[in-house]
Structures are given as structure tokens and as C-alpha cells.
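Only one structure is covered here, and it is reproduced in the block below.
Note that the chains are named A, B, C, D, E and F in the order they appear, and that numbering of residues resets to 1 at the start of each chain.
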Amino acid sequence: MTQWNIQNIVDELQEARNEWRTQRKSLKDFGGRELPSKDEIKKIMNDLCGILFPMRLGPHDLRQQSENLYIAHTLEKTLHSLLEQIKLNLTYDYKYKKHNENTDVIEVLAQSIVSEFAQKLPNIRRILDTDVIAAYDGDPAARSVDEVLLCYPGILAIIYHRVAHEFYKKDLSLLARLIAEIAHSKTGIDIHPGAQIEQGFFIDHGTGVVIGETCVIGKNVRIYQAVTLGAKRFEVDDSGRLQKEYARHPIVEDNVVIYAGATILGRITIGQGAVIGGNVWITQSVAANSAVSQSSATKTEV
Amino acid sequence: MTQWNIQNIVDELQEARNEWRTQRKSLKDFGGRELPSKDEIKKIMNDLCGILFPMRLGPHDLRQQSENLYIAHTLEKTLHSLLEQIKLNLTYDYKYKKHNENTDVIEVLAQSIVSEFAQKLPNIRRILDTDVIAAYDGDPAARSVDEVLLCYPGILAIIYHRVAHEFYKKDLSLLARLIAEIAHSKTGIDIHPGAQIEQGFFIDHGTGVVIGETCVIGKNVRIYQAVTLGAKRFEVDDSGRLQKEYARHPIVEDNVVIYAGATILGRITIGQGAVIGGNVWITQSVAANSAVSQSSATKTEV
Amino acid sequence: MTQWNIQNIVDELQEARNEWRTQRKSLKDFGGRELPSKDEIKKIMNDLCGILFPMRLGPHDLRQQSENLYIAHTLEKTLHSLLEQIKLNLTYDYKYKKHNENTDVIEVLAQSIVSEFAQKLPNIRRILDTDVIAAYDGDPAARSVDEVLLCYPGILAIIYHRVAHEFYKKDLSLLARLIAEIAHSKTGIDIHPGAQIEQGFFIDHGTGVVIGETCVIGKNVRIYQAVTLGAKRFEVDDSGRLQKEYARHPIVEDNVVIYAGATILGRITIGQGAVIGGNVWITQSVAANSAVSQSSATKTEV
Amino acid sequence: MTQWNIQNIVDELQEARNEWRTQRKSLKDFGGRELPSKDEIKKIMNDLCGILFPMRLGPHDLRQQSENLYIAHTLEKTLHSLLEQIKLNLTYDYKYKKHNENTDVIEVLAQSIVSEFAQKLPNIRRILDTDVIAAYDGDPAARSVDEVLLCYPGILAIIYHRVAHEFYKKDLSLLARLIAEIAHSKTGIDIHPGAQIEQGFFIDHGTGVVIGETCVIGKNVRIYQAVTLGAKRFEVDDSGRLQKEYARHPIVEDNVVIYAGATILGRITIGQGAVIGGNVWITQSVAANSAVSQSSATKTEV
Amino acid sequence: MTQWNIQNIVDELQEARNEWRTQRKSLKDFGGRELPSKDEIKKIMNDLCGILFPMRLGPHDLRQQSENLYIAHTLEKTLHSLLEQIKLNLTYDYKYKKHNENTDVIEVLAQSIVSEFAQKLPNIRRILDTDVIAAYDGDPAARSVDEVLLCYPGILAIIYHRVAHEFYKKDLSLLARLIAEIAHSKTGIDIHPGAQIEQGFFIDHGTGVVIGETCVIGKNVRIYQAVTLGAKRFEVDDSGRLQKEYARHPIVEDNVVIYAGATILGRITIGQGAVIGGNVWITQSVAANSAVSQSSATKTEV
Amino acid sequence: MTQWNIQNIVDELQEARNEWRTQRKSLKDFGGRELPSKDEIKKIMNDLCGILFPMRLGPHDLRQQSENLYIAHTLEKTLHSLLEQIKLNLTYDYKYKKHNENTDVIEVLAQSIVSEFAQKLPNIRRILDTDVIAAYDGDPAARSVDEVLLCYPGILAIIYHRVAHEFYKKDLSLLARLIAEIAHSKTGIDIHPGAQIEQGFFIDHGTGVVIGETCVIGKNVRIYQAVTLGAKRFEVDDSGRLQKEYARHPIVEDNVVIYAGATILGRITIGQGAVIGGNVWITQSVAANSAVSQSSATKTEV
């Protein structure tokens, strides 16, 4: 009846989905859609940025004398949205693991996660302040701390990460990853929400930075664009499947600097105060206060 | 009369455009604007994602029992928008090549392209399912296939690529490139729509990946961030101009893994099952099942 | 009264902000918010793109015969918005430097900057035309100059840069950096607005490119993804603080080509016509017309 | 702290609300907001208009060959929204009447109301067709039935009424009244959702028409602007309060015509075929086929 | 498959539409939707108001020095939109009358209508200025002419009418009626686009005013809310159908004042300078300079 | 150059505006646009409705426990917007009256008006509560006070009026009138902001009600649709111009009921407790507790 045999294509797409669902078995007919919403999470993160730095990342016409009114109202609204997303994440987890869903348990759990998260916000702000200072102190091109907050992708990435990490710690994997990917898409910086990062962290330029799930990063670490803190190889179990969830990424101690393009792989330790040169490839631990740089392995021909 | 001598600036801008148009001659006064619209194509791609994966990438409040109603309606609407964009692309091509435009020919051609594309959608979905599984199986950090679909930039990039490639094969160069650039801007992954990629393809992290126009990639290939599959050098014709449209990018056979930052250039072949280490620089073919890694060319000073 | 002790969190956030403000002292109670707005600047840049390339980047339904009406109206509107942002930037600078604010001086200064910028637009268009041609001539995959304007992130980046650089020259640091970061987020190309770049500049693919504040780039330079033109090390003053604003990035002379992933650091000179190979690491000047490439420092194991 | 003593005003507004709540007692702390949403209902009504008259009141770019796809998808979506509003209405009613709320009962009841309503839509369309014909036949200025559907406020009012009346019959008073008021605001025609109106009803011009809750209107009745079909006086109960819900508005039999400004009050009967002249005031029944007109009670002075 | 038997309802709605289409025969399968769009016309009218009164009804941030830039750009855009709507109206008329459609004829005709309309705009503005003065002079509550333009529904109604009447004269019945109904919905004033109204026309308050298709209204006429200038009775042809398109509404000569609620019916003449009192009912001509008022036909009871 | 001689029309429109400006002389070249904005005022009024009745007219997802957070934030934001509109109104007044503008005086005056208005809000809420009760008690069709607040146009009209009247008392004529006209357009009820109305006021149905500038209305007055409380005739001064600003509309004492369509004209008094019947025409004072009704001036013909 319609052009293009729409009905026929619809039927074949249905068949393709059926094949997939049969094949994977993990996706039963939930009769609903228990997944956090990327759009909602984008709004939540925008609002959290405003709550944390009202005069810099809040609404443009905010006045300092009304900061608290703005924060109170926005916080209340945002925590409700967050509660909704957390419940969707928990419901999804229950179903995915084929446990019986229990609405009440989920409600109580979600409420307690939101409540705990909300209490932590002032401290998150304090840690982010150390990141802002680290950026200002670490970049000769930075004219002011305001420029840092408004313009540096590394700052956006660490704000999003510090929030995402809180949810990662609560096993809200989907929510945490969605937050991380929103930041990745905006900045080109890909920090897995599992990474543990202490205060005074600064990523300059940032595009291409990858920081893996089990990384542990100390205080006042500075890294540049295209740095990878990755896994060396993946362990497989007896059936040949990748093993998940074991420590496989580097430990970077306090005051380390890692220049652009360096690749650091595996559960090794970069000792405190070490300086890792640009483009180097490191798969073994580096002693504290040492400097590693690329050999001058290029030749010139006229 | 107005501030800033607006009229004067307008006139000078007109003059600058005239210079350009005279100089290039290729841009005659079309009396209209025969170009596909980036905004329209963004909408079309969003809708196609929903049509292919309704419960994951479709509207957030979609219920499984109404998937087919949603798909039927959206597909019909989207194919009409697509038809419009294809006609704009074809009209542009005709004018650019200074052929006589023929509205009827364009209409018939556009209709047949849309129709053929629509028939392929179920198969595109099936191939994308193999990509999703490849991502899930290939990343220890992946908790579920849903996380893969919602959060992995590599998945978004391959969805967009598989659609763009269909239009590339129909010589709709502008449309195909616009789709590819929308994905590039969102993910940092730059796959030229000409690249031929078989099933089970997975790009992890992805930022900085570049895959050239004449690449040929086999089954179950896995690549990491900042990998380049590029051209080694560009051929010039007798008049010193770059030659376009000849095979100049690598062939990557089945089951190859290419780690982060590797650069593979020219029409060489990476044999099946080969593993290319991070940051290596390859300009010659690599045998099947071989492993190439960077020499340990870094030195440490304390 | 409310769930989650909102008032308590608000108070603690206030305390965190107070600590920060006390600590930094540079942020007094301005009683307002003297900062350029990222959202406004996004709109301004969109409109400037339309003004510069009306039939390609202007509104989709624009007809060639009404280009000038569109430009006149949009230019007038955009210059007013720009004036507003420039005044915010100047006011911020005055306050940040603790000078007495003087509304009249700021108004006069802002007006003259806008006026001068407006006069330069036709010339900016002419230079951008050379960049478009450079892209078309430099990429074998480019089918038409229209494809270049619509699809190449490198073109978007250079349009934004040429505008941002004008404001950088007027010491409008925040405004210039915000424009640069908008382009960085869209393209993965990070050009500091301070960089001086002559005509015919082309960045291909682009993701991961970083060009530092004091770079000087000659005519017809072509660079590829992930190239860094950076500082080698940062000078510190007697108190151990980073010195800012001195020439610390490379000079790249006319007709240089720099392939993907090359890292060029420090105030060195890449002589005219030199070709820098992919992934090389350069910290010393390179003679004119020389070619530098990576040694074949990889080993293969079967 | 803030200008204008915001906190003080907030507290006083709280006090005013407390006074009201204490005084009325009917508004306990529901801890939520169980009220249908006017904005949602506006969307639902817009969509229902499109479902009923797809090519005239549906989306502007709808093609006739895709009517059914559009209707199926929109109907499914709209019935879900409607279900939500009906549940809000039912929950409100339960709380207002201080019954124990029972979510399951409400769900079942709401589902059955939606289901029954959906089945009636084809018939509602058929009756509305008779109204469209009545308008076309009854107005010498009508050029086509399409003009009637697109331009006549009387048609919009009767579409909304026929839908609202279905919900009124199910005791969904708030929902029904909100629909009626949306139409009233758009057209100036105020039909209480309780009014029973048979087929072929036409209101011309319409502004100022008021039709009361217990009106009964036969087939093919035609009325003009500013006609009131109202109650004569209100009965009070022993305690002096208005009695609600008894028959107090006119019965208008088949084929009656009532000209502009006529006022007909009380439970009287206008016999079939009667013609009521403009501006007359009627409080007693009128015989079938009679004509009532205003006496010529005006005088002219030069 | 879906809840609520959607498919079943869709089928029955299809059947209802089929019955209607069969029955009316005038609506053949056009395969498209040739109807002007209410939403588009709303935008066009908004823009025309801005073009006619830029500093009062144009965009809020317009500056007087850029009036002409704004008008030129908006006019060009609006005339194109208008052209589109006129072509839809003409196409509809052709199909409705079962003439062969001829795209070229329609294009030429539409172009000439738009062109002629555009030339008339300055004159329409001049006549509207007389209406504004009439309102200011005629209402003791008016504080300024700006208040009149911004706040008086009667002014909005006459702006829309003077535009609609131009299209009525070109037989664009649907377009004209849609404009009239948009004004009716906003103001409660229902002026048929056919009415001929000379300069200096003022309607105060306005709600409920109805002015019929064949009315002829002279200079400097003032009328109040709820006035009807209507038809007395409708002529029927031999087959009993209403006759359309003959002169059936009043002629109101220069300088007449008609107070609120007066009803004037039939092709009678209200002589120049006559004053018609509130609520009177007039079906016969009134001599020039006479005054007609309601007899004091009310009684008081204590 | 462009179609339709745009430039020519622009020039002629300019000429028409020049004629007008010359002629009226009152509109000098302000170089700006000092007029309150209708769109801004619509937003302000929406927010004020939410502030006054948060759980009924506030945002749909508001929870009772966060009423105060919502009110505090919204109030602060709204008062700032209001301040802006008031300054525009005052600036306009200064210019219109050809006084020297004095920005500081305007700022101080505007601040004090906003501050005073804000303090009055709790009391406005209390009076509106009496209006809500009056509506509930006065209409047999009202099922609940919530239905009254959500659905009754008369309630919306009185909320807007009580706010507008506050600004009228401060001589902010334009602002007050704009608020009144927004309500008029939504409800068909036209209350001049000058009217003084005491508590417990109820308008049922409402379409066509007109209440003049100098009306004085006592407590617990109830009126119906199409009632006019107007001026009998307008006084002219020696030069024949209408006199403005003198008492010319009725005084309606406590507990009066006025039925639909009644017209009451001139500075007369309707004594307390009087009942005015529908459609009557009154130009002389009515004693307290009397009842006035229309004589039965209609005749019936069979």
C-alpha cells in the first residue's frame, strides 16, 4: 500500500531483532525500557556543573546574591531527576541479572545513593578547586582561573569524572559510563569512571587521552594530550573469554608529569615525581623522580 | 546610515565572493542551493538509529509492544527526508559536472536508491549485531551489550559508517561524507565512507582513529584509539596535481588486532590474525599471524 | 524540611565557595557576572560562518539573489551581540586586574574593536578561500570545494581560528579562547588563538592536533591528525612559578608538510619546504627542504 | 541577604497557603501532585484531531498513502498519554473524596476507560462528519468542506466537546473540563462537557456562546454567536448552598435554529423546527415549528 | 499484538474516511496535501506585523537605525513563504474544482499576486496609521499611540483584516479565511475577509464583534464589543440550498458609531454620521445623522 | 537585483514611517526601543501564577515539600525580569513626555516599585483565595476548588487583574494594559487595569465581559458572560477632544449579581445586594436589594 514496502521492511527488522534476542537470551521481553536516558543525564550534569560553580557554569544571568536560591532550587530538582535515573539503572541491573525485581528495595537503595551523593557535593567542589588551581599553575597560556573553568576541556572532563566515579563506586555502571561518554564526546578525553584520581589533577589539551578502569592516580599529576594509561594485555579464562574486573592499568604516584602521546600499559607503577617524556612507550615500572624520554630515533634526509 | 558601515562591508564581501566565483568558475549562479543539509541528515541518522535499535536508541518512552508501529511510521517519514537529501545531492552533482539537469531522471534515480537502501536495513541491523558482540567480547570493561550500544563511541561510528558506505557506493559523495563527519565530530573517529569493513568490527576508545577511503577490512578486526590506516604518499599526475580515486590504503585481513597509536600506511596487507603493537609505524605488508611491536627505544635517566 | 537536607548542602557549598574566594582573593564580590557567554558566542560564530560563506554555511533556504539582504541583516545583529560579549570581556579584565571600571572607556573601546573587526571580514573571507583551495588540492579524497566547506573539520577549525586570532590580538583573551574551545570540542583540533597562521593552511582529519600560543606558521602549510606544535619545557621565574607569554612554540615556514602524529617542540624552526614524517619527535630546527622520517624501529615476531 | 527580602516573602506566602489549607481542610498534604496537566492535554487533543482528520488537521507534510502508519503510531502514543492523565484524574478524585487510594483499581479502571474510548473513535469521526456537512450547508460564506475544517471555530469546539463529553460520562470531571476550557480559550465558545449534543450541530462565528451542563440538543441544530443556553436560577439546599447536578438547562429539539444573542434559560423545551430570533430572551418552552423574534422595541431620533 | 487493538481502530477509522470520501466525491486521492498551513501563516502574519510596524511589533531588540536592514531581510523571506502558501491555495482550488492542474500557470499567477501584494504594503501601512489614530482619539483610556499598537485587540484585528482582504480580492479564499480566523482566535473579533472597510476604523474591546462577508464600511467608523453586522436571512435556490455570494450584509457610511451589542442585519444602509445605541436590533436602513437607541424596556422590582 | 523590488518597497515603507513620525511629532528618534515586551510579560505572569498557587499553577512536577525552594528561586528571577520591564516602561514614559531621562532616578523608582509589589504578594494570594471560594460557591457545575483554579477563565482574569492593578496604581500604564490584554486574549474577559475590585469576585463563563477603567466593585460581586460595565458617553473638552481620566464607569456595591448580557453604563451606582437580570440596559442608579429584569418584550409567531 505504501511506497517502499514499509510493512515488509518492518517485518524483516522484527525478524532480525528476534534472531538477536533468541541468540543472546539475556534480553527478555521486559515490557518496558529500564535504561537510564542519555538526554536526562546530560541535563543532570549541566545542572550539577551549575550547582558546583554557580557563577561560572550556572545560568548566565545569575547574580551572586542569589546563588543560594538558585542552588537550593536546582539541587532539589536535579536530585529528583537523578533518583529517577538511578532507579532505572538499578531496575535494569536486576532484570539483566535475572533477579526478581523488587520495587521497594530499589526505591530505598536509590534514595540512599542520592542522599549520600548529595552530602558529598561540597567536598567534590573542594577537590575540583584543587584541579582548577593545578590547571592555572600548570599552563603558561592560562590567563586566569576563570579562563580555566570556562575554556579547559580537561576541567570539564575531571568534573564529569569525579561525579561519575561516585556512581561507579555504587555499582551504577551504566549511569557512570554514560556520564563518562558525554564528557568523552565533548572533550576527546576518555576517562573510565572506575579510575581513582586524587586532587590537583590536570590534563592539558586532552584530545586522545585514555585512562583505564583500574588506574590509580596520585596527587598533583599532570598529563598531556594523547596519553594512554592502558592495559597491556587481557587475561582470558579457561574458556578463552576475556576476564573482566581485575587490576590491569597503571598506578601513577604523586607529582608525576606525563607528556603528550606517552603510552603506559599494564599494572605497573610510575614512581612519585617521575617525568615521562612525550611519545614514549612504557610497559614496566618507573622509579620515583626518574625521567624517561624517547631516544632520538629519527633520521633526517635532505 | 547604520553603525559600522554595514552596507560597505556587505559590498566588499560580495566582491570577495565574486572574485572566488570568477576564479573557480565551477560555481555558477544556480539560483538556488542544491546541497544536502547537515541538520536534516543529523535528524535522519538519529531516526535510523532508532529504527535499527528501537529499544536502545529509539525514543526513551518507547514500549516493546509498540516497536513496529514506531518503526513503520518513523521509517516512512525518514525515507521521505532521505529522498529529499538524495535529490539535493544528485542535483548538485549534475550542476557541478555541468550536465543538463533533468528533474525526472533525478527523481527516478533517487527513488530507486532510497528503495534499495530501505530493503537493506534488516541486513545492516544483522551486521551491526556482530559489531556489538565484538565490542562486548573484546573489552573487559564492558558490563553488558546494552552498555556497549549506549556508551561506546566505536559503535556509533560503525552504525554511521555502515549507512554512509551504502550511499558512497551509489556515488552520493556529499551525503556520505556528511554522515561520516557527523560521526567524526561526536566520536573523534574518522572513517571515510569509502572504506569496506566486514562484520564483527570493533574500535575501542576511538579518539584519533583515521581509516582511509580505499581501506579493506576483514572480519572480526579490532583496533584501538589513534590508529591510522592511511595513504603513504599521494600520486600526482603529469600536471603535478594529486591523483584521486585509486587504491592507496591498507588491506587488513580477518581477525587482525591493531593497538593504540599504530600507523599503517599505503596499499599493503596486514595478514589475517596478525597483531600490531601500539605506536608502531608500518609501511610494508605484514605476514598472517605475525606480531609486530615497537622496539623498546626509550631510555631512563634518574 | 525538604528531603536530602537541601539547606544543609547549600550552606556547605557556600562555605566551600567562601574558602575558595578567600584563598584566591582575586574574585571579589562583583555583584554581577562579567563573563562572556559560551552560548552567545556559539550563536555569533554560527552567524559569522553564514556571513562569510552564505550559500554554504548560511541558512539552508537562502537564495543567492538574497545573499546581501541576509548578510546585511545578520551582520548588523551579530555585531551587536559581539559588542555585548566584548564589553563583558573588557569589564571582566578591568575587575580582574583591580582597575577601576569605567563604563564609558569600555564602551568606546568595545565599539572600536567591533568596528575594526567588521572591516576585516572581507579580507578574512579571502584568506579562508585560500585555505579551502589548499584543502581541495591537498586531499585526494576531496570531490569538490563544496565538500571541503561542508565536511572538513580542518576548515571549521581554521575559520574559527582566524576569527579568534583577531580578538586575541586585541587582548580579549577569554573571548578568543572560548571561540577556540568551541572549535576544539567540535573537531578535536586545538589551535591556541595566539598562533599566527598565514594563508593556504590545511589540516587533514585533524583529531588530536595541538598548535601552541606562540606558533608562527607560514604559507601553504599542510598538517595531519595528531600533530603537536608545542613547548618543550616551561620556564619558571625565581619564585618557581611558570613564566607566561614568551615565545616557546615552533616556527613553521612556507610549504612545510607535517604528517600524522609528529611532535615538534620548542622555539625551533622548520625550514621552508621541509617534510616531517609521521610520528617523529623533533626538538631541534630542521633545515629548509629537508625530509625527516622515523627510523624503522619496529621488530616483527612471528 | 538577597534583595527584596525574598525569604520573608516566601515565608508569608507559606503562611497564606497554610491558612487556606487549614480553612478548606480538603487539601491534605498529598506529597505529590495528582492533577491532570493542561499542557499534556493540549498535546493529546492536537494528536486526536490529527487522528480523526489526518489530511486536514494532522501534520502538514503527511501523505495520504501513509495516513494509516501515522494514525497507528500516533494513536498508540496518544492513548498512553491519555492513560496517564486519566490515572492522575482518578487519583485526584480518590484523594479529594478521602477514599483510600488503590493503585491497582485505578490502573484497571483507567485502562478500561482508555480502551472503550479508543473503540469509539471511528464513530466520533462519523458524527463529526455530520457536523462538518451541517456547517458547510448552513453558511453561505463557506466555500468548501476543507475551509470548514480548517477555519471554523465552531468545528474545533464541537470536536473538543465530543471528546470531552466521553470523559464526562466516565466521571472524569477535571479532564473533561480542561478539554472544554482549552476549546473555550481558542474559540470563545463555552460548552460544558456535560451537554448532550446529537449529530449535525453547527455553531457559526461562535464567540460568546455558552451551553450549560445539562443541556440536551437534538439533531441538526444551528446556533449563532453569543447564544446562551443557561440555567434560570440556581436551587439552594436547606443550608443555603447551591444544589449541584440537577437538570437546569434547556432541551433543544431537532432542527432548531437559534440566532445570535438569544438567551434561553431554564429546563424548558424548544420544540423541533422552532426558529429563535436574535437577542430574544426566553424562559418558557417554545412550541415546535414556532418562530420567536424580538419585538421592534427601538426608537429612532433624528 | 499491541494493547487496545490499535490496528482494528486504524482500520475502522480508514473505513470512516472512505465512507466520507465516497459520499462527498469532491475529495479525490490527491496523493499529497494541497492546503495552506495555519502554522506557516501565523509566522507570515507575525513577520508582516514586524515589517509594517518595525519598532512596535518587530523583534524586541531591533534598533531604529537598523529598521531597513531588518525589513529588507524579513520581507524577502516572508514573501517567499507567502508565495508557497499561495501556490498551495491555488493548487487546492484547481483540484477542488476538478480543473487540470497546471504547475506553470500556478507559478506565474502566484508570483504576480505576491508581487502586487508587496507593492501595496506601504499603502497598507498608511491606512493602518489612520486606524491607530482613530483608536487613540476614540478611547478616553488610551494613554499613547504606542499603547494602542501594543495593547488593542481591535488594532490587531484590523491589521490582519487589511492583509486578508487583499488575498480575498484575489480569490484566495482559504488563505484569507485562515488569516481572519487567527485574528478571531486571538481577539474574539470575527471579520470576514470579504468585508470592505475604509480608513480610520476602530473597534473597542472587540470581543464578540462579527462583520459579515459583504459588509461595506465607510471612513472613521467606530464600533464596540459584541456588535453584529450580519445577514438577515439566507436566500435559498430552487433546490432549497443556500445561495452563496450575494450582497447580504449592511452598508455602514462614514463617521457612524455603533455601540456595544447592537445587531444590524441585512443589506440595509446606516447613513453617515448615524449613532446606533447599545443592544439595539436593526433590520431597516437608518437615515444619516440620526440616533437610534434602545427603548427603556426594563422594569425594576424591589 | 532581488525579486519583487525589495529595496523599493523598503524605501517606500521608510517614507510611510517618516510621514507618520513627522505628523505625530511625539515619536522622536529614541535610538533604541523603550517599550515593555509582551513576551517577557507573558513569562512573568506565568511565573507569578506559579508563585501564588505553586501546586496548581506551578510547574507540573513540583512536589509540595519543595514549594518554598521553587518559590524563592522563581520569585528572585521574576522580580528581576519585572524590574527590567518596569524600567522600560518608566523610560518610555519619560521620553514620551519629553522629560529629560535620568537613569538613576528611574533605577531607584523601579526598585522601589518592585520591592513594594513583592511585599504585597502574600496579601494578593489571600484575596485571590476569596475569589476562588466565590467561584466554587457560585457555580453549581464546579466540582472542586481545584477545578476552579485550573479551568475557570474568570479566575485567570482576576489573577491577572489584581497584579495589573498594582502597576496601574504606580502609573505604569503600558505594563498594566499589556497584562490585561494577555488575559483578555486568553479569556475573552476585558478588565481595564484601573478597575477597583474588592474580594470574593466571580465572573462565570466570562466571554465578552467588559469592565471599564474607573469602575468600583464591592465585595462578593458575581457577574456573567457578556456583561458590560461601561461609560455612557465621553466628555469632550473645548477643542472637541475626548477628555481622559475622569470617573465615568459604574459603582457596583457589595453582593450584587449581574446576569449575562446586562449593560450598565455611566457613573451610576448599583446598590448593594441588587440583582440585575440578563440582557437589561441600565443607565441610571439602582437601589440596594432591588431586582431589575428585562420586560418580556418578545413575541411568538407560529
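We adopt the following convention: a contact is a pair of C-beta atoms (placed from the backbone, for glycine too) under 8 Å apart; a residue touches a chain by one contact, two chains touch by 3 or more.
Here is each chain with its UniProt name: A, B, C, D, E, F = Serine acetyltransferase.
Source: prediction; values computed, not measured.
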Reaching chain E (Serine acetyltransferase) from chain C (Serine acetyltransferase) through chains that touch each other, fewest steps: 1
For chain D (Serine acetyltransferase) placed onto chain F (Serine acetyltransferase), the superposition rotation in degrees, Cα atoms, nearest 5: 120
Classification of the chain A (Serine acetyltransferase):chain F (Serine acetyltransferase) interface as same or different, half of numbers criterion: same
Rounded Å distance, chain A (Serine acetyltransferase) centre to chain C (Serine acetyltransferase) centre (Cα mean): 26
For chain A (Serine acetyltransferase) paired with chain E (Serine acetyltransferase), centre-to-centre distance based on mean C-alpha positions, whole Å: 59
Separation of mean Cα positions, chain D (Serine acetyltransferase) and chain B (Serine acetyltransferase) [Å, integer]: 53
Multi-partner residues of chain B (Serine acetyltransferase) (each touching 2 or more other chains): 2-3, 6, 61, 63, 65-66, 68-69, 72, 76, 188, 207-208, 226, 261, 279, 294, 297
Complete list of chain pairs which touch one another: A-B, A-C, A-D, A-F, B-C, B-D, B-E, C-E, C-F, D-E, D-F, E-F
Chain C (Serine acetyltransferase) residues within the chain E (Serine acetyltransferase) interface of the complex: 61, 63, 66, 69-70, 72-74, 76-77, 80
Contact footprint of chain B (Serine acetyltransferase) on chain A (Serine acetyltransferase) as seen in their complex: 2-7, 9-10, 12-17, 19-20, 24, 26-27, 29-33, 35, 37-40, 92, 96, 173-174, 177-178, 180-181, 184-185, 188, 190, 192, 194, 207-208, 210, 212-213, 226, 228, 230-231, 234-235, 241-245, 248, 261, 263, 265, 277, 279-282, 286-287, 289-295, 297
Chain E (Serine acetyltransferase) - residues contacting chain B (Serine acetyltransferase), complex: 1-3, 6, 65-66, 68-69
Chain C (Serine acetyltransferase) contact footprint on chain A (Serine acetyltransferase) (complex, rising order): 51-52, 54-56, 60-65, 67-68, 71-72, 75-76, 79, 114-115, 118-119, 121-123, 125-126, 129, 137-147, 150-153, 186-188, 205-208, 225-226, 260-261, 278-279, 294, 296-302
